[in-house]
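Naming follows writing order (A, B, C, D and E), and every chain is counted from residue 1.
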Amino acid sequence: MKRLVFPVVVVVAAILAFWYAACVPMNIKFALMTAERQGAVVSPEGMITRRDMSPFVLAAKNPAQWSDTWVQDKPRLPAPHQVVTELWAQTMQVAPTSKRSLVFHGWITLSATLLGFAIGSGLGVLLAVGIVHSRAMDMSVMPWAIASQTIPILAIAPMIIVVLSSIGLQGLVPKAVISAYLSFFPVVVGMVKGLRSPSPMDLDLVKTWSATKAQTFWKLRLPASAPYLFASLKIGVASSLVGTIVGELPSGTGQGLGFRLLSGSYYGQTVQIWSALFATAILAACLVAIIGLMERGVLKRMGLG
Amino acid sequence: MTQVPVIEAKHLDLTFQTNDGPVQALRDVTLEISKGDFVSFIGPSGCGKTTFLRCIAALEEPTGGQLTVNGMSPEAARKARAYGYVFQAAGLYPWRTIAGNIKLPLEIMGFSKTEQVERVEKVLELVDLSGFGKKFPWQLSGGMQQRASIARALAFDADILLMDEPFGALDEIVRDHLNEELLKLWARTEKTIGFVTHSIPEAVYLSTKIVVMSPRPGRITDVIESPLPKERPLDIRDTPEFLEIAHRVREGLRAGHAYD
Amino acid sequence: MTQVPVIEAKHLDLTFQTNDGPVQALRDVTLEISKGDFVSFIGPSGCGKTTFLRCIAALEEPTGGQLTVNGMSPEAARKARAYGYVFQAAGLYPWRTIAGNIKLPLEIMGFSKTEQVERVEKVLELVDLSGFGKKFPWQLSGGMQQRASIARALAFDADILLMDEPFGALDEIVRDHLNEELLKLWARTEKTIGFVTHSIPEAVYLSTKIVVMSPRPGRITDVIESPLPKERPLDIRDTPEFLEIAHRVREGLRAGHAYD
Amino acid sequence: ADEVTLQLKWVTQAQFAGYYVAESKGFYDEADLDVTIKAGGPDIAPEQVIAAGGADVITTWMAAGLAARERGVPLVNIAQPFKTGGLQVNCLKAAGIESTDDFPGHTMGVWFYGNEYPFYAWMAKLGIETDGADENGVTVIKQAFSADPLINGQADCISTMTYNEYGQILDAGITEEELVTFNYLEEGVGMLEDGLYVLAEDLEDPAFKDKMVRFVAASMEGWKYAEAHPDEAAEIVLEYDETGAQTLEHQQYMMGEVAKLTASSDGTLDPADYEQTVATLLSAVSPENPAITKEPEGAWTHEITDEALN
Amino acid sequence: MTLVIAAFVLWAGLWYLNVQLANGRGGDTRAVGLAVPVIFGLTLVGMWELIVRGLELPMVILPAPSMIAARFASSIPTLWTDFVQTFVKGALSGFAIGSLAAFLVAILVDRSDFLRRGILPVGSFVAALPIVGTAPILVMWYGFDWQSKAAVVTIMVFFPMLVNITAGLQETTQMQRDQIKTWAASYWQGFWKLRLPAAMPFIFNGLKISSTLALIGAIVAEFFGSPIAGMGFRISTSVGQLALDMVWAEIVVAALAGSLFYGAIALVERWVTFWHPSQR
């Protein structure tokens, strides 16, 4: 455990130090402007002269204003403690049912993600089964599945939302559809690999027992694909979350981490953007970890752990 | 040994169509195997031993000649569950216990639950693995795994046991031991066994009939009926009769062998 | 055979620290190998043969005892490029041609371009592979690959050739052939060879000295000096002397062997 | 109650206070209407939503509405709560800009998503090219919906709404004296902003028309209430903001500014304003600005407001 | 309605043809391998056209493929400028920088076990930051032109590449590493001669994943600020102008460019890792 934690702590500490340092040049211009307005002497004087100067030079010339770069209201780059404070305030200090709570928005996003993930991975598995069993499907579907992932989802997300909302589907479902669109692909790829993982020898063996296709599938291909399935589910669930966020951006329903992310940017509230960003990443990490736990459990019970 | 022909191949040909053109794997193979025979196939790599075994098990379709098993087509014989097939690697499913692995063909063939349990018990005993049913394959040594895989092939009581280099991956001592066990088992059950090996002593020690094959296109160059008694202690391998047969096999092999 | 000790092990111990506690792989191994010896190591699986060879090549650090190679530490000997090591699988790099593979250690050791080419030519001839230099490993049969891997170990003219079951994966005929070739090569070059095998005939046929080991913790149970002449046709394996040594090895092995 | 779905052009904010107030204060209920207000967003084109049947009535800018008409969505303006527009361009004096003559050589932030028509019309009028900065052209960048580019020095001029981004610039510490403001109306290229639009074929249905009459009447009641009680209106908007990201302070500011735009309208479209919008659009037809190519017909009606407001 | 029915008839017919082709005697030939997916694609396009016409969907909802094709043909110069701006300047440069950076970090991580245990978990967390959230920030930092797009792509590409290269460098067997050790090879000799070649299949796997990410990343970043050219710019403004045919024309360009990029990498892969069993 210690062997695991210590390096992570060191790397995180290094990142934090770098982050604080980066805040200085990032926010120095605004800090100087404010300070100057309040009568402090900064060099060089005048916002206009500073406008095109390198922020590093400015930072070097005005060490007195460094600390101002870590406490701004709308900084270009918020300091770590600002993000943490905001995260804490928006999760712990408000009721989880309030719309000011990240827990509330996280839950909205999570529910769409889970629905989309269920649809996407279910479809992915079905498609993989089809591909493994039908040569025609294998040859026709696979190249298009790859092409489908080169389409910028952000471009068609609004169309999907508009079309679905015109047939009365709003809120959860359109987001889930987009989320499913992103998660099906890794599952297809992984499952096809997994279902094809039994060796020719394994397949011949069940053939000598005159097993049917269905028996071969349930008793051989499916269990053999379990490790591949979990590996791709982990990628799939992360993609799923990205899909939900993308689905939230144009949807205007207003609830969910994705919308909060963007609404922060409409009003220049960088700290809020960053806290929503981290909330999303934490959610993603949790989802992946949960799948990882399930993987450990199932594979252990299967004797593959 | 009774003289009922179980497997009968007449002028069997098999040509694979590959990207580099046709590969003739078997040419004009004619062979008769009687009930209760223990037949070893020996020959250099690529000579068609595996292919011939696969033809018998209806895993490969000959392109010429006739092949009957128990008087019917291999396909039909397979449907009638005539074969137990053992591959070089044990090929046990890692996600099933030993008992679960042995049960697998029984599940597929639709045996009742109680019968499954009974049969698993029986064959585990037969291969000396009672008590290991609950273990997973990777908790067992290579030799034990191979025995489990033999047990699996025995579980549904097929008349014909086809074994493709079943002991190739094991070390010599374990192999000796399994050879002895296999002979005992064969004596007890009176099954017909087709056995592929690369080892001359193994072939001579086990078989009632040794089929020597030559490579590309695979032909049978010699069929040696063993004069050794059915009862064979390991020491028999130091007897002159044994050495003589071994010598004959080696000569047959060397004749057909082009290095590389 | 001159009697200069090339490898000298005294009371060698090696214990692996694993998650399940310590595993003693070697205990109190004392052995002396002279220049020009052909020493085979034989013993049941897991008895420490590989581990001992790895200690010699400084791939493993003994936890007790002394080990010197050419009078220096194995580490130093490795730096001095004393070893050619051949593993069970050929282990050729698939992205290099046969010639490229053989050239690899030469590149690493900084031989000049022209010398590289010369040496590759020479060893390819030595192992009977002239003309195959431009092929890729996967275009060759298993036996040819193994020969290429031997050629690679020979290319830089190390004094000591360590071979860990180099022929384990090959069929008997090819193996016989390679055994013959190896003997010829050894006679020609006067190298010291350490050779791990599972096959009793192979050990007896090749060696001037057979080291029989017993499992867990790996100990040397018998060291047999072979009375066979240096000139050994394949037929020698049917002579009574040969059979007697083989018998002795087998007895030694069986004594130490617990099935499974 | 009759159901009405209203699709807004943008996210929940005081720009739409009238509708939220009408909903919250029960004006819609009194008119026997069950109104669903759908917030919009940058990637939601209300014209598309109404074409797909996802809304009965939308708010949009007239330029976008007329453009959609030409593309086969027969939108009709039924009411115009915003008399004047809040769209303007803000430049930094520090960058050397005092008047429109100084534009060439500078970088200007413009909103797209159908908000770019007035800008291109203006540039056409000024004779300034938009394909790169040189002595007679400007560099146009697609500005996101925030004031960052000006604050961060990435653009010398940016688009702002009086009621939103302009406030953000001031919040960021840049003072009014440091800024030059160009108001589209004053530049003579003003276009009508938030109006209510429905599909022409729907209007042929008397029941729908009746619904709209009540809807417009109740909405205007909402607007007038919001103008009179800006702080309460801001609070109501905040209540409807589901993201929970808005601040009361900002919405109060916005309400104050929006009220200036709606104050002189009773909801009736002034045909003169319409004419000006069309004329301006037609004056600037170009490939990159394909708003409209010919005079629209039947793009507005007084039928609803006449009935609703009398 | 008849057109909609025709669409399904078309589907059934072409699918039957595909099944025949795939399972037929020429099933393994190159021609069939190409024809089957093309026929499948044509089926989809044909159905799309028929259904759009059959249901008389307005163009502002979903344009028919024929309209998209017409728009595509008439806008080639615009599409080309957009392509250059987004793909060549934004995606490719970001792809190159991200891959190279990942490569350098992978070597660091490879040399230090400590760094591996520290960086990989933290890196996977950073990789989970949604691109749509980071893109506006990067636009704010790196400006409106292609540099910010390249930055977005760099970040998107970095982690998948890092993971794949790291895994690839671990790919050699113990035996291979021992082998080279017996020759007293240095770290860099081992790296260049053994581990890097062995890692190539993994590296290409990473490159393939990243290739689709790169284009998408560049397009997405343009939604958050761009000059007035670029595929993302055109898509978002065209949506606002209800020029859905243009939107789809750009989507076609994106899909084409993405697939070709992917295909090109697959080709180079075939050439570089010719020795790998999956390529033989």
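FYI, a contact is a pair of C-beta atoms (placed from the backbone, for glycine too) under 8 Å apart; a residue touches a chain by one contact, two chains touch by 3 or more.
Everything quoted here is computed from the prediction, not taken from an experiment.
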Q: Could you name all chains that are in contact with chain A and with chain E at the same time?
A: D
**Q.** Intersection of the contact lists for chain B and chain D
**A.** A
Q) Looking at mean CA positions, which chain is nearest the middle of everything shown? A) E
Q. Which chains touch each other through the most C-beta pairs?
A. A-E
Q: Would you mind checking which chain's C-alpha centre is most distant from the centre of chain B?
A: D
Q. Measuring from the mean C-alpha position of chain A to the mean C-alpha position of chain D, what distance in angstrom results?
A. 34
**Q.** Whole-Å gap between the CA centroids of chain A and chain B
**A.** 54
Q: Could you please state the distance in Å, as a whole number, between where the Cα atoms of chain B are centred and where those of chain E are centred?
A: 50
Q: For chain A, write out the residues touching at least two other chains, lowest number first.
A: 76, 154, 158-159, 162-163, 249, 262, 265
Q: For chain D, jot down the residues that touch at least 2 other chains.
A: 42-43, 45, 48, 52, 144, 148, 152
Q: For chain E, write out the residues touching at least two other chains, lowest number first.
A: 61, 136, 140, 223-224, 236, 239, 244
Q | Pairwise chain contacts, counting only pairs that touch as defined | A | A-B, A-D, A-E, B-C, C-E, D-E
Q: Quick one: which bits of chain B touch chain C in the complex? Just the residue numbers, please.
A: 44-45, 140-144, 171-174, 177, 198-200, 238, 243, 247, 253-254, 257, 259-260
Q) What part of chain E is in contact with chain A in the complex they form? A) 15, 18-19, 21-23, 27, 32-33, 36-37, 39-41, 44, 61-62, 114-119, 121-122, 124-126, 128-134, 136-137, 140-141, 212, 215-216, 219-220, 223-224, 231-232, 235-236, 239, 244, 247, 250-251, 254-255, 257-259, 262
Q: Name, in rising order, each residue of chain A that touches chain B in their complex.
A: 199, 201-202, 204-211, 215, 219-220, 223-224, 226, 302-304
Q) Hey, which residues of chain E end up touching chain C in the complex? A) 173, 175-176, 178-185, 189, 193-194, 197-198, 200, 273-277, 280
Q: Provide the residue numbers of chain D that touch chain E in the complex, in ascending order.
A: 42-43, 45, 47-48, 51-52, 64, 67-68, 71-73, 110, 112-116, 130, 139-144, 148-149, 152, 154-155, 288, 290
